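Read the structure below first, then the notes.
Letters A, B, C and D name the chains as they come in the text, with residue numbers starting at 1 for each one.
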Amino acid sequence: MEPHPITGMYNGKFGIWLFLASEVMLFGALFSTYILLRVGAPEGTWPQHGADILNVPLAAFNTVVLIGSSVTMVMAWAYLKMKRIGMGQLFLAATFLLAGTFLVVKYFEYTEKFHHYAVFLNARMAVEGYEGQVTTISGHLAADSPALTRASNTGAYQAPEFVILEPDPPKGGGDHPPVVRIDGAQIKRLSDFGPRHSTFLATYFTMTGLHGLHIVGGMIVIGYFLATGSRFASHNLDKYANRIECTGLYWHFVDLVWIFLFPVLYLL
Amino acid sequence: MNRQIGMTWLAAVFAVGWAASSAVAGEMGSAVIKGRVVYEGTPPKPKAIKMTGDQHCMTAHTKPVPAQGTIVYTKDGNAIPYTFVYIKSGINDKYDPPGDPIVLNQHNCTYEPHVFGMVAGQGMNIVNSDPTNHNIHSLAKKNPAFNFAQPSKDMVKELRGNDTFTKPEVMVKIKCDVHAWMSTYCGVMTHPFFDVTKDHLEAPKGQEAQRGAFSIEKLPAGEYEVAAWHETFGEVKQKVTVADGETKEIVFKMGSGAKAEAPAAREVILGSENKS
Amino acid sequence: MSDHAHSHGDHDLPFWKKYVFSVDHKVIGVQYALTALVFLFFGFSLMMIMRWQLAYPGRPIPLIGAMLSGTLAADGVLVGDGYNILGAMHGTIMVFLGIVPLAVGGFGNFVLPLQIGAPDMAFPRLNMASYWVFFVGGVIMIGSMFTKTSGAGSGWTMYPPLAVTAAYGETIWLVGMVFLITSSLLGSVNFIVTTIQLRARGLSFFRLPFFVWAQLVTAFLLLLAFPPLEAAAALQLMDRVVGTSFFMPEGLVLSTVHLSHLSGGGNPVLWQHLFWFLAHPEVYVLILPGMGIIAEVIANNTRKPLWGYKSLVYSVIFLGFMSFIVWAHHMFMTGMGTTLSTFFQATTMIISVPSVIILTCLIISLYGAAIRFTVPMLFALAFLPMFAIGGLTGLPLGLTASDIQLHDTYYVIGHFHYVVAPGTIFAMFAGIYYWFPKATGRKMSDWLGKLHFWPSFIFINAVFMPMFFQGMAGVLRRQYDQTEQLAGAASHGLTLMSSWGAWLLALAQIPFIVNFFWSIWKGQRVSDNPWHATTLEWAAPSPPPHGNFPAVPVVYSGPYEYSVPGVSEDFCPQNVALEA
Amino acid sequence: MPPDLHYGRWSPPDFSLHGHNIDQLIDVVHVFMLALFIPWGLFFLYCLLKYRQKPGQSAQYNPVKAKISKYAEIGVAVVEVFLLVGLSMPVWAQYKNDPPAEDERYTVRVIAQQFQWNAHYAGADGVFGKTDASLITELNPIGLMEEQDPHAADDIVTINDIHLPVGRPIYMRLTSLDVIHSFFIPTMRVKQDVIPGMEVPIWFEIDAWALSDDIRGNMTAATPIEKASWYKLRHHIFAEDVVTGDGEVMAAAGDHLGESYKAGTERIAELREAGVKELVMQPRHPLQVVCAQLCGNSHFKMAAQLITHDEAGFAAWQAAQKQAVEFEDF
């Protein structure tokens, strides 16, 4: 596995770099999609800041977790280079755990969205606790609100006869407004805060979802090396270290993508 | 690809068989509910269909054609044709669909019939009798939302099993996307107790009294909610109780007088305005 | 290289390991080629059905009409959906399942490692994976035609909202696409690493055969252009399956039904940008390997070095680079402003220059040659004028003003078919006839080869030449019944000519099929270097064993050292030192 | 006015003011293509004939010093720059930039849908009524707010018939209800994708003499009966009565051959038997609007008639649209 004179890399490493180049194009396309959609978004269909809808503290925590996992990944490789297989595997395990933590947090972030609803109204209407008149009310369904059904042909929620909503506090804080009952005739569209809600959330779920898949992919590879690594390393440590280096390169990339996603989706 | 026809048929056979077995076969009775659907107040003027664009349609109709959904027979007591009258509630048994299929004919750029009912699971034959291309687009919500073209004359599409309408739905709108004025409405029932009020073709000069008339026969005795659905004037209901052998005469009033619900086939959401 | 070090000399593998799940680049190459040829033939047959409907609109298709399912045909007559589906699938199959796998997966895999003197690809297992991923993708694509909706029918470009509101055939198409893209990505990584890192000693970049250069550039195009389409496919899948609105604006009304369940806010043109950002480089993915093959065949049969080898190389690199910034010339009619359109027609004009250079070099190579009119050479020679026609007719389409009249007419169809059909596909034939002896140790019959070439050459022009005149007359593409248009009715005679050309072209392929299979078992046995060629693949035995070269070759000279003055033979293989 | 007009020739007739520029560009480009292809093809053939392998004669190893190729490439580049800067860009700019002034142009909205062209005219008050997607029905294909908006009262909506005045700039606002369509008038050199969610304006002017009725007359052509095919003549009508030797009228002026291949072919056969030598016919609607972007299973059927009037005729047509329709007595 000597590095090639021209590229200065052994095949695997060179291959991974090329693969990452294509990954850059993949996420590049998604980011440009985000930009184009946001620039062309009709009035009021795009939140001023992702933070209006998304949970910044959780995401910030996740960012720290991922950066940490990158560090442990480097440590794992470093120890293997120093021929300390045990420590290497230990840090590999740490990376695996941190990745898992990220996914668990993401899971809670997602599920919260799917139990949070937005009612888009046919006409402006006044709602107690809000200033002026609103065209959209978001909140959680009250216990006595009728169960929502999905249309068989579109999969979207059917307009119910009425919904009883516990509205979110108005923007800029304040306490929960009283429960409102919205008649079916007033409802233009009803959606949870899932991908159907708006192009913003669609973009959010697609990009973070794809990133999540990359995390899962990485965990599978790391898991494989955790299981087989020590045997592998015992008969060819250099090669194993190289494998881990390649995995690391991929892992740093996944981490980097998140470092872009976090500000773009949550803060801007 | 011929293999796939076979599979489709197999599916069809299974589906029909399943439907038949699962049905608690309901019985026929001897009661009759008949009557008329009339417009209360002064009806709006009928609108004309613009059959422009397709030479066949234009040559087939020399006189202006009124849109079926807007016809009211002002000379015959404001009778309303093309109204689907059916037993909305009161029948819980499932009735087997008749063996012979419903025939939906595309003739001179209109659907014949314009409004019809069928028993869920009944076969449907869609025929093109015009030497022009028609596109048949079902806007069903619960049932198959098929959308296909019949480019030449005498083409027949036989819908069976899962391809036909198997779930009760009032009404399924079917329209032609090439000739936008072409539409037909299908009431899918779990029972055969429905009728469509007669128009001036079924009840020509001499039998004007029959226009806007319906008659639901062979009803078992019982208390029913009877509904009349019209694409423009909406739906009205009334409760009727009949005994064996009895014949009840009822009248449905529609229009400005009787407040009706919005037609099922129309979406009731406001879209974005399109300023000029 | 240790990746395959272990696999040296393992000839006693079980059948399924040797020929099915093989990691040997040659077996994989052949797998790719055979699969692709089957797909090509399938895609071609779809087109023959469409040609019937165009020639005799609304009349039952003879023989197979009755076999077509309800979505495709009624009473043996093709219906509108059927025509659209066949059209979309023809395009998809020919491009993604036919030509690319044959040109890159087939020839690339088989020839490239041999030409650079490598024992195998850099990542043999990855190589096997990319074939099987491609195979699954292909099966999904073709399989979608045997489901109830008979496949996708929104054109191979899958423009939303049409594609999003269509039946589920489109979903299968997108899923199949994701597989094909993944396969191409794995493949391209493998090709680049192999080409750059596994070259034999002495084989510097400017000693690489032109074919290798073409494959290298192609690999980069695949690597960088395909991911955006993968992203686009993911977005359209979201729109179709989850109900998002990436490509769906607000207030859509489908057949009087207001699609109020959509959030709206999407943009249909966005898809076109993402799609064409792939699909334009894709055009060069289709043509570059072909050019590579042609260069090899011409050099070998003119018995002299290629004229302007370096400018060929620079041109192909430039071509690859430019192909990333011309995509929007497919979208001039979407309401593009003056500024943007100016940029893209400018880049389009620029990109035509390297193509002209490549063609000129190949032509001038004929000057002062000693041309051998072998079967591969016949196809190579036919390629030159055919590709020239295809390229030149691109000009009026690349200029916005003339595109106003010609966009989406048969002129476009004629243009790109001249590039890929008598262009690339002829190049593929040339390649098959040229490398067949290397793969099998036997030569394909000359006589049958000529019987294949001449009719193919005549009829393929009969198919596509009329299309330019129809396009001029204003006949639009993707028309189930052209005669519904005044222009289409008036030029119906030309349609008949195309159709009959197509069916006769199909007959002209019979000699090839016979020749191909006959020669595998009964073909004339030939030496390791029957064409007296110079490049390294001919230094290996035919067929090459696992590991390719008995001894790792060393390269002493450039790729096309033919008719070197003062040398007895009229060719000096790269691995033989020139007697000074 | 050009004497005889034809479809199916090099390019269709052109009745717009800007069209000839586009045609000119197309012709120039093709001349350029031939200028490249022919000499280049001759050289190609020369090489094939001269340099076929002969025994005892080997190819020349050293590359020819062919300056010619460099000149050729430079020449190509130069001509392309000329085509681009000299022809294409000005024509495109003329086609795209600075729309005609509000007061002199005639504005019409065209709303595409599967599979028809709806034309929306502002009517007498010159103001378009508002439209609303949720009001769309078969009878109100563009969702015109007839009750809600006073401006809508006098608006006119036509399906697949687009009436336009000649002799002044047409300003057309294109939009789509469902999928992407493409608005194409081959005889006006006008093409524009029609994209849902956005409204794209285009503008062009029709030659003052180009009235559809005159054009129809000018497109009259005689087809020898043995050459006649229904596919070619399906959109045509007889220019004058077809009378046999014994004075029997086989077909009246305005008749067509029939609506299906079968009917049409039989009709031609029976005319031939009756001794008719040639069919003197003209297109029923000489100006066609077609959809150039695949839009579904009946995309090919999505064609509209363009009907051009002079100012007087146009006014008359508008007035006629608002008369109440009288139905036969039920």
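As a working rule, a residue touches a chain if its C-beta (ideal position, glycine included) is under 8 Å from a C-beta of that chain, and two chains touch if they have at least 3 such contacts.
Computed from a predicted structure; not experimentally measured.
Common neighbours of chain C and chain D under the contact definition above: B. This structure's chain pair with the greatest number of C-beta contacts is C-D. Note: centroid distance chain B to chain C, computed from Cα atoms, is 52 Å.
Distance between chain centres (mean CA atoms), chain B to chain D: 40 Å.
Mean C-alpha position of chain A lies 38 Å from that of chain C. Residues of chain A in contact with two or more other chains: 151, 188-189. Among the residues of chain B, those in touch with two or more other chains are 133, 135, 147-149, 152, 175, 177, 180, 267-272, 274. Chain contacts: chain C has residues 58, 79-81, 250-251, 253, 255-256, 258, 260, 264, 266-267, 480-481 touching two or more partner chains. Inter-chain contacts occur between A-B, A-C, B-C, B-D, C-D. Residues 140-142, 145, 268-270 of chain B are the ones touching chain A in the complex. For chain B in complex with chain C, the touching residues are 1-5, 8, 133, 135, 137, 139, 147-152, 154-157, 173, 175, 177, 180, 267, 269, 271-272, 274. Those residues of chain D lying in contact with chain B across their complex are 109, 113-116, 122, 127-134, 137-139, 141, 143, 151, 158-161, 175, 199, 256, 259-260, 263, 284, 296-298, 300-301, 303-305, 324-330.
Touching chain C in their complex are the following residues of chain D: 6-12, 21-23, 25-26, 29-30, 32-33, 36-37, 40-41, 43-44, 47-48, 51-54, 57-61, 63-64, 66, 69, 72-73, 76-77, 80-81, 83-84, 87-89, 91-93, 95-97, 113-114, 133-134, 136-138, 143, 177-180, 182, 184, 186, 189-193, 195-198, 200, 229, 231-235, 260-261, 283, 286, 288, 290, 292-301, 303.
On the side of chain C, the complex with chain B involves touching residues 58, 66-72, 74-75, 77, 79-81, 145-148, 150, 167, 250-251, 253, 255-258, 260, 264, 480-481.
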